[in-house]
Every structure is written in C-alpha cells, then in structure tokens.
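Next up: the structures, one after another.
Look for subunit A in each of the two complexes below; its partner is subunit B in the first and subunit C in the second.
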Partner chain A sequence: MAKEQIAAPKTQEGFTTWLKDNLPVVIVSVFSLALLIAVYIKGGPPQIFNILVTGGMWSLLATGLALVFGVMNIPHFAHGESFMVGAFVGYFVFNPLNQILFENPNPLLKVTAPILAILAAGAVGAVLGVIIERIIFAPLRHRTKQGWVMNAFLLTVGISFVLTNGTTLVLGPNFRGIPRFYDVDAVELAGAFIAVDRIMATAIALVTIALLWFFLRQTRTGRAIRAVSQDETGAQLVGINLDFIHTLTFSLATATAAISGASLLFMFQAYPTVGVTPLYFSWYVVMLVGLGNIAGAIVGGFIVALLQSSTQLFIGLSWQSVVPTVVMILVLVMAPSGLFGSEVKGVQEQ
Partner chain B sequence: MLELKDLNSGYDFLQVLWDVSLKVDDGEFVALIGPNGAGKSTTLRTIAGIVQAKSGEVIFDGKPITGEPAHLVSRMGISYVSEALNLFTDMSVRENLLLGAYAVKEREVQLETLEYIFELFPRLEERRDQLTGTMSGGERKMTAIARGMMSNPTLMLVDEPSLGLQPNLTYDVFDALLKLRDQGVTILLVEQNVNATLDITDRAYILEQGRIVMEGPSKEVKADDHVRNAYLGI
Partner chain C sequence: MTVKESQLEGQTGLWGKFVNFLNGIGFSPFGLVLLIVIAVMPNFEPFSQEYVLRWMIMGAFLAAQSVAFDFTAGYINIVNFGFAALLGLGAYTSGIFANTTPFLLFAPGLNPWLTIWLGAIMAGLVGFLLGVLTLRLRGIFAAVMAWFVGIALMGLVNNLTELTRGPLGMNPRKFLDTPDNLPYFYIILIMMVGIYITLKLVTRSNIGLAFKAIGQNPDAAKASGINPTKYLVFNFTLSAFFAGLLGGFYAHYFGSLTPSTLMHTSKTVEVLAIAYIGGRGSLWGGIAVAFPFIFFIEYLRSNFTNLPGLHLVIYGVLMILIMIYYPDGLSGAYHWLVGKIKGLLGLKKEQAET
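Now for the complex of A and B:
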C-alpha cells in the first residue's frame, strides 16, 4: 500500500520534489542547451562539431583522472605527460608507415596506418602505466597510507617533471607534427566541410569512452574496479586483489590519455610540454563535476568544450581559458563538491 | 577445520591478543564472546588476513595461512562478514552479491548461486535493484551475510550481526545463521547478545582482555557462575 502512495503522488508535489532532488542537473542541462542553441545559431554545424572533437577529448582525459582519483585516491598531475607520450608514439609509428606509403602506395595500409599508430600509443601507454604504478605508487602504498593524497600528488608532479625533461633531453624541444592522418578531402556534413581527421578523432574518443563505460559496468573486472573505489576492505574480503586492480586502473588511465594524444596529433604537435593544456582542461572538468565521478567526467568534458567554444565565438579566442576557469570557481564557491557531487572514499579521513 | 595456535596480534605497537588458541571443527557453530575491547573482532580480522599476526599460527584445513593477504584467504573458502559490513554502497544488492562470487570465474555458477541465495533470502530478491546504501540496517546485514555466502565458503566468520538492530530483526539474522549451519557451513560467531548466542551455538569461547579465559559447550558455559554474573546479569 505504501508503495502505491509513493507511486502516485499529486503531480505538482511530485514535480517539485523531483526538481529539488535534481536541481543541479536541471540547471546545468538548461544552461548548456541554451548555450548550445546560441552557438549553433552563430557558428553553425562546424562549431557544433568543434565541441564534439574537443569535448570528446576532454571527456576521455577526465575519465582517466576520475578513475585514478576514485579508485586510487591519486590527484594525477602527470596525466598530460601520458598524452605527450601518446603523441610521440603516434608520430614515430605513423611517420615511417607514411614513408612506406609514399614509396609504394597500398590502399589497405593507407586506411590502417593511423589506426595502427593510435593503437601503438595505447599499448605503450598501458605498459608505461603499469611500470609507473609498480615502481612508484605500489611501494609507497605498501609502506604507509599516511598522508597518501599529498604524497601521491607530489609524486605525480615529480613524474611529470621527469617525463617532460627526459623527453627534452632525448628528443629535444622540437615540435613534431603531422598535417593530417588521412590524405583525403573533407567530408560535407550538414552543409559544412569537416576534415576526416576530426571525425576520426571524435569517433575514437567516443568509442573508447563507450568501451570503458561498458567495461566498468558490465564485466567482472570492471565491477571489481568500482568495488575498490567504494570500499577497499570489502573488496579484499570478497577476494579482489587490490594490487592488481590498482595497477590495472592506472594502466587504463594512462592508455586512454595516450590514445587521445595520438589521435589528436594533427591538432597538437608532439613536443615535451604538449601535455600542459590537456592536463589543465581535464582538471577543470573533474573539479567542475566532482572528483572521482566518472559519469560526471564524461558529461563535464562536453560542458567545458561548450564553454570554450562559446567563449571563443562570443567573447574572443584569448578568453577561452579564462571563462571556463571563472565558471569553475563560481561553481566551487556554491557547490564545493562539484556540480554532480560525489563522495570520494578516504579523502576526508586521510 | 580452523585452529589458532598461540596467536599474538594487534595494531602497530598495541598488542590486543595474547596467546589465543582456539579450534573450530567441521560443521560446528562456535561462539566467541567477551566484553568490549577484549579482542573478538581483532581475532576475526587476524584470521581473515586484514590484521597481521605478530606471532603464532592460523591453520585452516591443515595448512598454515598466517600472513596470507586477505584476498587469498577469502579465495581459500573463509568468508568474513565484518562488523562494519563493508558493503559497496553505490551498487545494487545484485551487484554486491555478484561481487561476493568474484573469485568464481564461471558466470553460470555465479548466477546459480545468486538464485540459491535469493531463495534463502526472499527479502533480498525483492530489493535486488536497490542501492545498498539506501537500505535499512537489518537489510544491509542480510546483504552482507548473503554476500559472504556467494563464494560458497566452508567457514564463515560473522562479526556482531546484531549490532544496532532492533530485537526482532536480530532473530531474523540469527535464523539466517542457523539456516547456514544446516547447510553444513562452519561458523565462528562473535556476538554481544550473549544469551541468544549461547542458545543457538554448539560451543563457546570467552575472551577477556585478549586472552581465552573459558571454553566449553554452550550449555555449560551458560550455566557457569562467572558468565551468569558478568554477561547474563542473573
């Protein structure tokens, strides 16, 4: 009987409670939709596609950050360097392949070369993630959990320094770019011409996010990753090996960042400090939506991209980092745990 | 089945258990009773591998398991239902239970066990899609016990299942434990509700200030003067 009463409330009352419960989501959706319409009217389809490209990239990077923070409690400030490594691997794999193509054209290789380069970046990223986790974070975690968040943060900053300067030492500070992955004409989409590379980069970001989401939601190991982020002791009690899950999580985050680094090689060239911008923007995203919130990070990536591109359109290109930052500060002043909030395990007590 | 030999254990510089020895046989339902701070939970945590023993031995099925990490102990067939429950609060009952069978790799076996558990706890089947963080205390405790059973353990360590529950729910939880015992699962139960515990268990150990001070069949323990005075208030 009680159930029926809940199921059929007075419509008005029900709507008010629903609105109250979902207020942040409603405000954000209404605001984003309005902005999106404004951008479409002023900029047309190319601008919308721009939002998809950058949004997909921020989402992918922010998902990695959210994962590492939610599961391992690490504020990851070397995430941009994973992007940088991906960009370099993409460059060094694609360029020789392109050279071969130039000497003897081969339609199959022409289609697969960029994909090979991006997959190679993902693989190198995954291995790099395992190495970093095994030799840096695992020993610290086994020694002590005291002051973990601060120590882990400082370690990631250190890793970032080492990787950036190490790359400069070995490869020099030069910019290595490729004009495009696909040497074909732009595709006409809703009256606008869009480069195939952009379409590919968006598709890769969306597919990777979808795969990651499916993995976390539907598979045994993915469920174990979420279990560790919610209760470490509980996870151990059901037989989950924490070391394995931590290494896997870090490796996944590094691999996805490397994939986005490689797939955006035509936009960002490969150079030692290329990771700085992606790092900051993906941090905007996770701070805006709430640390450790993966679903939020995906949505947040597109919100930040929307903010950037509308700023660029209505205020000016040079303001495109300023406005998202201001919005983020305002959101944090009003909702300190971010737009969608999330309880993050362990941060309070540590 | 389970044997502790001169176990010394505790946290950092604080030693809690002093030469604790106890034994649980196949199919037995054994109680571990004692006042607050006596070390009952520490005993269970040490067996489960969450707290590391300082010295002494934990023997399970004839093999020493002292110092094994918690996830391996769990995979050997020891299931620990902790006092804090350690449920995954942002997941549904179903997902919590499936995680209980994490060590079981075959999906069909997992689902079979799930069906069986739902038969045993119909209440949980009604709530299968509810997030455990939004459930009542009694339901959460049921979920934790059910999750502990999902790995088909041979030994269950149950820590204060009646803590914070109203009396009629306490009996529900005890009924669930008796059902388990009837399935042939060996149980080591830590409880504050001494009277009811001594009624349902086969044998009991009394732990005071980190030492075992008495052991015997539950009926005899219940008739003992010291126990009647200190725990039953008669």
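Now for the complex of A and C:
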C-alpha cells in the first residue's frame, strides 16, 4: 500500500514533477524562444548573427566573473578593466604588425597577425591577474576572512578606479581602434552579409569557453579548482595548494576577459573607460542566472544578448540602460538567487 | 556606586555638563574646535579668496555626502552603489520644480529653499523602494542592484529630455542672487552639521545598535528579535533622503546639471573612498578627511595639469592600501591614539581612586 503510494506519483505525475523542478529553466527557454522568433521576424538573419556575436562575448566575460566569484568569493568589479587592458594590448600588437604587412606583404603573417594580437592580450591578461591577486587579494586573505565578500568587492572597485585613471594618465583619453582585423569581403550566410571578424570573434569566444569548460571538467587542476569552490577546508585537507588555485583562477578570469577585449577591437575601440559596458552586461548576466553559476553564465550570455537585441528593435536604443534594470528587478523579486540559482557559500555568508 | 558617579559629574561642573552635551550630539571638544576653525577660516586670508572658498564648499559637500554614505555602508554593511544617482535624482527634482512647476503652469517655479526638500523626499522615496527591493537579497546582490538602479536612473534622466534636457544639461536657478561664495559655504556647512548630528543621534539610539547587529550578522540579528526588513528600509530611506537634499544644494549652487558629471558611478566611488579612508562606522571620519583631501587634490590638479586624473589614481591607491592594511581608517587611528593617551592618564586616576 505504502509502496504503491510512493511509486504512483513518479509514473503518473512524472512530467509535472519534472516541470516543477525545472520550472525556471522551462519558463526561460519558452520566453527566450518566443523572443528569438519575434526578433527574427522583425530583424531577420543579421539580428540573429548579432545575438551570436554579442552573446558569445557576454558569455565569455560572465564565465570569468562566475569563476572568480565561485572559487574566490570575489565580486569582481574590475573585470571591465581586464577587457580594457586586452583591447590596448591587442591594438599595440596588431598595429605594428599591420604596418609591417603594409610594407612587405606576407600571406602567413596576414592570417596570423590577429591571432598573435589576441594571444598576446591573453598572456598579458594572465600576468596582470597573477600580479593583482598576489599583491592585493593574497595579503587580505591571509590577514582576515571577516567580511570578505564586501571587502573584496570594494577592493576591486579600487582596482578598477586605479586602472582606468592610470591608463588615462599614461596613454591619455584617446580612442585607439582598428577598422578591421581581416581586410576581406564579408561572407554571405543565409542571405545576410557578415564580416569575417565577427565570425572570428564568435569562434574565439566559443572555443575559449569550451577550453575553459574542458579544463575545469577534465584536468586535475581544473578539478582542484572546482573542489576549492565547493569546500575550501576540505580541499586543503586533501592537499590542494589554495594559494596556487586562487592565483590561477584569478589569472584565468583576467586572461579570458583580455582575450575578449582584443578579439572585439574592431567593435570596441581601446580607451580607458571602454570596460564599463562589458562590465555592466557581464554583471547583468551573472545576476540574472545566479552568482557563481558557470554553466548558467554561458547560457545567460546569449539570453542577455537576445534581450539587448530585442530592446533595440522594439523599444529603442536609448532605453538600453533602463530595460535591464527592470528585467533584473522582476527576476530577482521572483527568484532572489537568480534564474538558475547559485550554490556559492559566499552568498550565504554575506 | 551611582552616588560616586554623580558626585564625579558634579565635581566637573559646568564644563562636564557641556562635554556631556557635546557627546550627546556626537562631538568631542577637539572635534568642535576643528569645526569652529573650519567655519571661521573663510573670513581670513588666504581662505577668503573665491577659488579657495569654492574648494571649501566642495570639501563640505563631499564631507556631507560621505556622512550620509557611511550611514549605510558603515552600519548595515551594504554599499549603496547608486548613491550618486540618488543625489542626482534629488538635484534634478529640485531643479525642475524650481525652474518650472509642472502642475501649476502659471507659477514661475517654486522657491529653491522649498524644492530642495521635494528633491530630498523624491530621493528618499526611491531609497525606500530600493530598500524594499533589496531586502530579500544579501549584501553583494543589494550593492549590485543599487548600482543597476543608479544606472537606470541616469538613463531615465538622459531620456526624459522634455524635463531634463538630457545630456545637454539643465540650469536650475540659484539659491541667492549674489556671486559670492561665502553664503553658500555656510549653507553647506549647516547642512553638513545638521546631517551629521541627525544621523549620529539615530546611530546612538537603539536603532543604531540594531543596524550594527544586522551589519555584522543578519541571521543572528534576526534570531535575537530584530526585524531586519524594517531597519534596512529605514536606513536606505534616510540615507537617500539626505543624498537628495545634498543634490538640491548642488543644483542651486552650481546652477548646472548634467547626468554624467553628477550621477555617474565614479562619483559614488569618490565618496566611498573618502568614507573608507575616514573610517567606516564613524560618520565623522569622512568629514575629517574630506577637507584636507580637497586641498591636496586641487593642489595636484593645478600643479600637474599635464597629468589629468593623477588625483583619482591616488584616491584609488590610498583606498586599496587602507582596505588591506588598516581597515579602521582615520577614525580607528584616532581612537587608538586616544586610548593610548587615556591609558597613560587612566593609570594615575586608578591609583588616586584606590
């Protein structure tokens, strides 16, 4: 009798329980799909490709944010400045190479020059991440863990302030941009013309995310990072070097942001406050999906790009700073820890 | 025991009563002397020059902002990242009502002395809503939410061009017709002292204790019978109200408002840096830091014109250093010093008593 009662709901109401468990995901998917169709009808294929390009970028940036918050409990507010540094490095590497190419053409260099610039940006970003973590967060972490989330947040605000104004001081407030990475004709895809640069930027974003995902899931170090994000003390007990993991995580996040900054140089010119928009939208992503949720951040990037694109199409570009707040308020009032929830210990602590 | 204490008070006489009264409103004798010095300063050379007076006004404005900011950040431990936007909201509301009265079309606009209160109420209302909105969210969510609301407010001001003229900026009329800066200095000084005393009285009361309890551990506070919702909303509302009031001063002193110079997040960061360098949870720390800082910054700005933004870098570096190595800030250093001195004197006192 009792067995039947337990077994019966599973078979009969299997679908409803599944629906109950995954209600946020279902609602979000249905809503996104409807919005996507609406955007397609109004804007056509170019809009869809636009969503892919910006979505890939927000995903990559938000993944870095989620990683840093999940593992180190740092609400990273200087993420936009990593983007800015990447854009500057990309510019200062690509421009001389382009100059050389202009004087003596070389087909191999022509193809690899943008890649070199982006890789250089990633390398500089990684080093910058190590430096920031070692000289700023490590001392604080060793001194006290009390009120860590808020203190770390304010520290990143300070870092962002110093990096932005320091760049203005050294390089001036000028815009430094390039018209395009690849000087070739746009490719025709499904009736829309898309610049090769855009395809490349999307590909780089997706490949970087995939590599990061593989690294976190499949390698020993990646598993150690996830262990630290789940339980710091436990991780330490099984012999994981916490300092190394923290530095590596921060460095990874900075490097990915720098890569996206460099690969989007044709869209976002390099100037000291270029990081504000990427920071705003990547925070929008992680707040929507739930802080520290890496898988959610990847999906959320595309959802935010879709929302952005539909705002632009149906409401108007000038309302782009008002609509996200309204959406976020609605979502957070209904689901205080984000659409897909977050299981980060830091959120509960503070 | 109580007799002894009252006797002690009686012995100190009028001076003791005066000190007690000062303590009651949040001043130490030393602090009062400093305040009087600041108040009298503009009547003497070189501080009576108009450009120096402008710095003093900016200093008092920044100091008052840091007091209102610290009331949230230092007590309930939530950083109101939309502070500058709330200030801008107050400034715009006041400016709009002073220039044209939307509901009384025949009137030539209300008196600025009245409209600054309208601006303050408007900002307080949004602060109230922000409090209600964020009370289900924990610290960092609340800070980011305030940031988003601030950006949305800035977007609104940029978009409602019929009221605000958007990025072109609007020109509210001034408080007074004089080109002198001295009256304005006393207006902002009185505002600063008023805000300080009001907030100090609030934090001295049981409400202040509840704030501290919530700031340290919301769950423990809840378990001991404190309703976090009520206090959080009250705190946000009061802080936003004063931010709006200060915005009104800005509007009718400078006579020009643009969204990007007033409501941008970097303005919040400047206030945050001052409040933290001054020491969080003290309220007066920001005041003590703001005046020397303004002079220092203006010195840098006028002597290193080829290095724009140097002062902002110094702001940031100082803030980072203080956060890592000396989180108590200036007020912590002051209390440490006073404790040391009292320890030296107290030793003698104890001996006398025994």
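Everything below uses one rule, namely that the second predicted complex is superposed on the first by the 335 of 350 C-alpha atoms of A that agree within 3 Å, B and C clash if a C-alpha of one lies under 4 Å from a C-alpha of the other, contacts with A are read in each partner's own complex, and residues count from 1 in each chain.
The rule is short, and it goes like this: a contact is a pair of C-beta atoms (placed from the backbone, for glycine too) under 8 Å apart; a residue touches a chain by one contact, two chains touch by 3 or more.
Quick caveat, the model's predicted, so the values are computed rather than measured.
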Contacts of A:270 with subunit B and subunit C, given as first, second, both or neither: neither
Subunit B versus subunit C as contact partner of A:257, first or second or both or neither: neither
First (subunit B), second (subunit C), both or neither touched by A:154: second
Touched partner set for A:234, first subunit B, second subunit C, both or neither: first
Contacts of A:28 with subunit B and subunit C, given as first, second, both or neither: neither
Partner chain(s) touched by A:336 [first = subunit B, second = subunit C, both, neither]: second
Subunit B versus subunit C as contact partner of A:223, first or second or both or neither: first
Subunit B versus subunit C, judged by how many residues of subunit A each one touches: C
Which of subunit B and subunit C A:242 touches, first, second, both or neither: first
Subunit C-contacting residues of subunit A that also contact subunit B: none
Residues on subunit A engaged by subunit B in the complex (per definition of touch): 220, 223-224, 226-227, 230-231, 233-242
Residue ranges of subunit A in contact with subunit C within the complex: 75, 136, 139-140, 143, 147, 149-151, 153-155, 157-159, 161-162, 165-166, 168-169, 173, 280, 283-284, 287, 291, 318-322, 324-326, 328-329, 332-333, 336, 346-348, 350
Interface residues, subunit C side, partner subunit A - complex: 77, 79, 133, 136-141, 143-145, 147-149, 151-152, 154-156, 158-159, 266, 269, 272-273, 276, 307-310, 312-313, 315-317, 319-320, 323-325, 327
Subunit A contact footprint on subunit B (complex, rising order): 48-50, 69-72, 74-75, 79-80, 82, 84-91, 95, 98-100, 102-103, 105, 107, 147-148, 150-151
